[in-house]
Every structure is written in C-alpha cells, then in structure tokens.
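First comes the structure, then the notes that go with it.
To keep things simple, chains are lettered A, B, C and D as they appear, and every chain counts its residues starting from 1.
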C-alpha cells in the first residue's frame, strides 16, 4: 500500500452493488488518475469480480475468513477474493468484529496469498499490539464517530496522535484514520497529525456529488503531504 | 423450485471458485440438459456473477443477511445476490447458523426480492414450525452424517419419513434431504421415502469423476420419481 | 407457570446483584404475598443461589445453554441453574439471541430437568411456530419498544392481539407481553387484550419506588383478570 | 497472582457444580494448604458464591463481559463476580473466544474492579501483543492438545519456550502453560521450560482420584521451582 492511502468503503449501502457501484468505481478511478493517487475500493464480495475487471484501482474485500479451503458454507476465503481480482481485505471492521485468533490467522492467510491486510481498530492501545503482527495497515476508527459527520481529526485529534506514536514502534505499518471524515479539511488535518491516509464511507457513498467530495478529500491529502515533504 | 430438486453445495472446497468452479458448473449444466432436470448450484458470493453468466442452471447464494441496505461492512444482502444473478439462497446452513429472528427476516427479504429460500434444519421437530414461515424449501440434514459418506436415507430413514410427515402439514413447501448422499441408490431411497429432492456437496465436489457421480444421482432421482408417478 | 404471570427481569442493571438485588427480591416477595400473585425473578447467574435461598418467589435464569455437561468453559447449563435453585430460564432474550437449533435444544434440556422455559420473540409470526415446540411460555417483545417507556399495549396493541391469536393454536402455552410496560394501566390493557401476563425490567429496576411500581402493576393485572373471569 | 500458579478449570464438567464441585474445591484447598501453594479454582458463575464462601483458595470466573452495568440480559459483569466472591476471571478461553476489543475492554474492567485477568491464547505470536495490554497472566494453550492427554510440555515444548521469550518483553505478566497436562512430570517440564505455572482441567475434573492427581502436579511444580531457585 502507498502513502497517502485513501480507502473508500462501499459497505452495503444502496449504491454499493451493481451498476451504481460500477459508476462510483469509475468516478474513483477518474479522480485517482487525475491526481495520481491510490484510491482503494472496498466492495461487497459479489462485486469484486465485476469492479476489478472495470477499473484499475486496487479492489479490497470488506472482510474475509482465515479458514483453509473446505466445508465452510457461506464463507469467503483469501483464495476466492484473490481469484476474483482483489488485492487485499479489511479485517475486524467495527461492523464485523472477529476474535484475536482470527485476526492473527487472517493476516497470515492474506500474506500467504500475496494480499494486503488492513486491520480496523477502535482502541489506540491496540495499535502497537496489532502492528506487531505485521498487517499492511491499521485503520483506527472510534465507533462513536462513524457515520456521524464528526471527523476524528477534529473531534478526537489525540486519538490520531496517540495511534501515530504507537504505530511508529513498528516499521512499515501504515496508519489510516477513519470515522467522520467529510471534507478535504478533515483529511488535511488527519494527515498533518501523522496519519498515512484516511478511510471514507458515507461521505462518498451517500453524497449527491461523490466526484466533488472525493476530489476535495484527495486534494486535502495531497496538500498535507506536500506540506510535510 | 421444481421437483425433483437437486442442490449442489460448492461450500468453500478447493474447487469451489475460479476456473475449477466454472468447470464443475459446466458439468452440472451438461447433466441437467441431458436429463432435463433442475440442478441448483449454491456457490460462494464471489462466484455468483461469473457462474450465473456462464451456465443456465439456477445459481443460489450459500447464505445471505436479512438487514436492509446500509452500513453493514462485509455482509451480503438479497439485492446484491439478485443483481449478481442468483435465484435464491440457502438459509441457516449447519455451517452458518443464524437466530430465529434472522430466519424469519431472511425468508421475508428473499421473497420481497423474488428469490427462493431454502432453510437448512437438523431437527425434524423444526420442519413444521419453519414450514409455517413459508420458505420455498426445507433441507433436512442431520449434522452427524454430513461429509461422512453415510447417507441419511440409509442411516436415518425415519428422519426423512418424519420430516415428510411434518412438511405435509403445510402446502407447497419442498422437502430436501441432505447429508451423506453419495450414490444414485441413496438418492433413489430418499425420494422413495417422500423427499422432493436431495442436497449434495462433498460427493460431487471432491469426486474424481464428478460428471459420473452427478449423472448417477440424477438417474436415481428420476427413477424414484417415475416409480412414484 | 401460573396466570397471571409477572416476570421481573433484573438484567445486568446496577441493582441486579449483591445486596441491592436481594433487597429488590424481598420487595417483590412482599408484594407477591400481599396480593397472592406469582412474580418470577429473572436474575444474573451469580445471584440465583443467594436469591433463591432468601425469597420464596420462583427464580429464573436469564439465559442457559443447551449443551450436555462437558468442556464448555464459561457457559451455564440447565443442571447448574437447577442446583442453584432456579425453576426455569428465559430463552432467546432480545439481548441474547440464539439459533433455532439452540431454541429447540434449550426447551428440551430445560424440560428434561423439570424446569420452565420462556422463549422471547419479537415477531408475532414466530409465536405459533415456536409454540409448537412446547415451551412453558412465550414472551413477545418488539425490540423497538424495550426500555423506551412506550408500552406494547398502547403503542402496538395489534401485536398482542395477533400473538394471542397465534398462541391459541396450541394449548397450554402461556403468552406474556413485554416491552415498555411502565404502569398498572399498561398491564391492565395487555391482559385485557389477551396476554396471560407481562414482563417488566427497567420500570421496576430503575425506579425510585420499586415497591409502589410493582404493586401498581400487580393490581393492574389482578383487575384485568377479575374483569375477564 | 503468585508463582508457581496452578489454575484448575472446572469447565462445565459433570462435577463442576453443586455438592460435587464443593467437594473438589475442598480437595484443592487441602492440597494447597499442605504444600503452601496457590491453587486457583475457575468455576461456573452459579458456583462462585458458594465455593468462595467455603474454601480459601482464590475463585475465578471462567468468563466475564466488558460491558458497563445495564441492559445485558444473561450476561455477567465484573462487578457481579466480585460481589459473589471472585478474585479474577479467565478471558478468551478457547471454548469462549471474544473479539480483540472485548479483550482490551475486559482486562480494563477487571482491573478497575481490582480483579485479576488471565487471557487464554493459542498462538505464541499473540503473547507479546496481548502482554502489552497488561493482563495479570497469559495462559498459552494449543487447542489441538486440549483434553487429549498429550502434554504441551512434551508434545510442543517449543511453544512454551517461544511464549516465554515473548512474555519476557513485558515485565510482570505471568505465563501459564495449559493443554494436556496430566502428571507431575508434565508440570515439572513446563516450569523448567520457563512457564510460571500450569492450567489443568480434565486431568483433575475427570479423575478417579483427584486428590492424588493434584498432589502429584503440585509436587512437580514445587520440584521445578526449587530446582530453578
């Protein structure tokens, strides 16, 4: 994964599948190309194949299990998402929590398959412990801010700062700030505080003008990075 | 759903995804056409689109949630599987149990979307209670026989007979017998006992000659039906 | 279980354990004796022994598993609650949902141990299906009303009426209405609509005068019963 | 918690509750006194009060939730086990896995209540990450050995060695080895490899002579400690 890193989580929103999802993916591709920035799309399992065939952005699964291939009706494993075109997966999203053993197991299984892993966490105290397990990235997201239009970078800047301090104890793990990011200014702030990227969902998925929203966010990220460089 | 009904559950077996899955789906399509029989394929979420584009057999999801479209990262909803090409879904598979509220909710949500629902149960006492909720079908599958090569029709014929008695209390609900079905003779027996069809998984998915296996099963089903008719 | 039936769910409220819980149990015992009515106390596992030793009211567990005695660290089984002094258990409470197989299994295991079973449900469509499994009682409780101070009997009287119609299809299963019951008038209404009793939690557990609250409720129940008789 | 530390997990075995459980607890107390060693008893929630009133050994819960006191029907919280007489709890037992957020939350909530926390893990890679969260102890227990009569100290000594190396990165966290410990020789070996104690369950709970078994184990531990000292 590259810096700055923008992850768009399609969740299971009304526009997260079918033609609408393809249209949103095309918008993300357009903005990514314009600004030469990586925008990852985390899409429902059913959409991985179609969207990865249609756009050049990296496609992630929103979840994946750690079991070996076998008798697991209704579950999706790393080999399946890879074959369908995914480059990685979210792990332990706040809407899909798993056990600690599953976190370790999923990071390993994704790595074995050459896939990226983004572990979602709400407690900054977990950043260092989980970073030791060497996922590609950690997405810190206080649940009380998710989908509330209150940006983590404004409301709880200390959560980003502390998470940044924690993640620095291990090299190479990317830190992404999520929750409540709705504008380029929020993104700018998060990256200035030390995050390597941001996670977005409702601000983009439920917007009337998703292209403008994404362009604003991306510009916020690029401005903060230039400023840091 | 038609009678006799054959459901092939791909589970998450090594050949359940990608090219191998397509090849197995093509085999199922060939046998279905030859014998003019409906063979339903229950495939991983990631494969629904590709397989439904490639074969004419009805494709089912192996699971689906009952939530309304919204913030449910990593979950798959009826609208998504329908858009991807599915005609129905398994519910409450023994490897993916859900709450009773979720059973009711999922049957409703599938119906709203014009999709079939197959509720998996292990206790025959549940057949009548769940049939009252009007799913398309009930798949009765004693977990102790799953994947053991011991057919429900041989080992526990009374489970089929009792389930048949129970399902008759409600009209129009199809009864499918699963677990340990490995030969045409097992299928024949199950249908003679009153089942409307059978569910298969390992016998087909792990076979060296899946085409021969499926043809044998299908012939067992047709023989039993001719016999009954 | 008797009619009318009042169930006080202590939940895990601040007064649900230790001396406070004993005090509340004593209040319930006092009112029960005064009015010669059965008031069941559903208490945390840790409190079953102490409270059942101290009051004559029937003590229920708030949950219980259906496994056989064995290697189930941290789980509580019917034999344990019985030995500690319980007379029954709630099953599938809206805060503790279980699979349909577990519902069947738990009803059976409680019966084997001579214990009562109260299955909690939110959908009236489930009342008949679950009543077929012969629990002692069904507690119908629309989750949107729980703890909101809006009584099921006022806000959704049709839910009680429909549930009553459904439960009548099987003899001997008691129907209890829960959610939002806060006054004797609510209780009166619920029983007039056909319920055999009511379930209470916050109205009693969080009240400044739990004795007055309970007496008011009990009187509402008795008035409705006299009126019906 | 003291060194060496012996934890007896009563699980939900046939003798885990009521009079039998009290009898086993008395045996443990007798051996503890004789040898002046701490033997912790992890018992079902329903037994905490009775057993803690009857023996002087520290009583632990086998599980506990991290929620704040409130509307959590059927769940047991730190305040409840403390009031009933417990001194600590097992967390994330292999038979009762929880999310990573729940692990952090439970350690904190136990600490707030002055209770000990023993986090169970199967992967040695998790030992350091979880030790950072400062539980009282970590119990390493490869699930493939649990209840198999194959001791971790014989079958997988490297798991203990690696776990010991990992736990040393944080001061004050005790390391306990579990799984398959059946004799004093197994205990001796585990402690010689660097463990601070052992966890036992079936070897004691299902034994015909639990007193002899426990005395043998305790002697193995003491011998290893003398040897180390």
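Everything that follows uses one rule, which is that a contact is a pair of C-beta atoms (placed from the backbone, for glycine too) under 8 Å apart; a residue touches a chain by one contact, two chains touch by 3 or more.
None of these values were measured; they are calculated from a predicted model.
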{"item": "Rigid-body rotation angle, subunit D and subunit A, from Cα fit (steps of 5°)", "value": "180"}
{"item": "Chain whose mean Cα position lies farthest from subunit D", "value": "B"}
{"item": "Interface numbering overlap (same over half, different under half) for subunit B and subunit C", "value": "same"}
{"item": "Whole-Å gap separating subunit A and subunit B, where each centre is the average of the chain's CA atoms", "value": "35"}
{"item": "Residues of subunit B whose C-beta touches two or more other chains", "value": "none"}
{"item": "Topology of the chain contact graph, where touching chains are joined (line, ring, star, complete, other)", "value": "ring"}
{"item": "Contact pairs between chains, per stated definition", "value": "A-B, A-D, B-C, C-D"}
{"item": "Sites on subunit B touched by subunit C in the complex", "value": "92, 97-101, 103-104, 121-123, 125-126, 128-130, 132-133"}
{"item": "Parts of subunit A lying in touch with subunit B, wherever the complex brings them together", "value": "9, 11-14, 16-18, 42, 44-50, 61-63, 67, 69-77, 79-81, 83-84, 90, 93-96, 146-147, 201-202"}
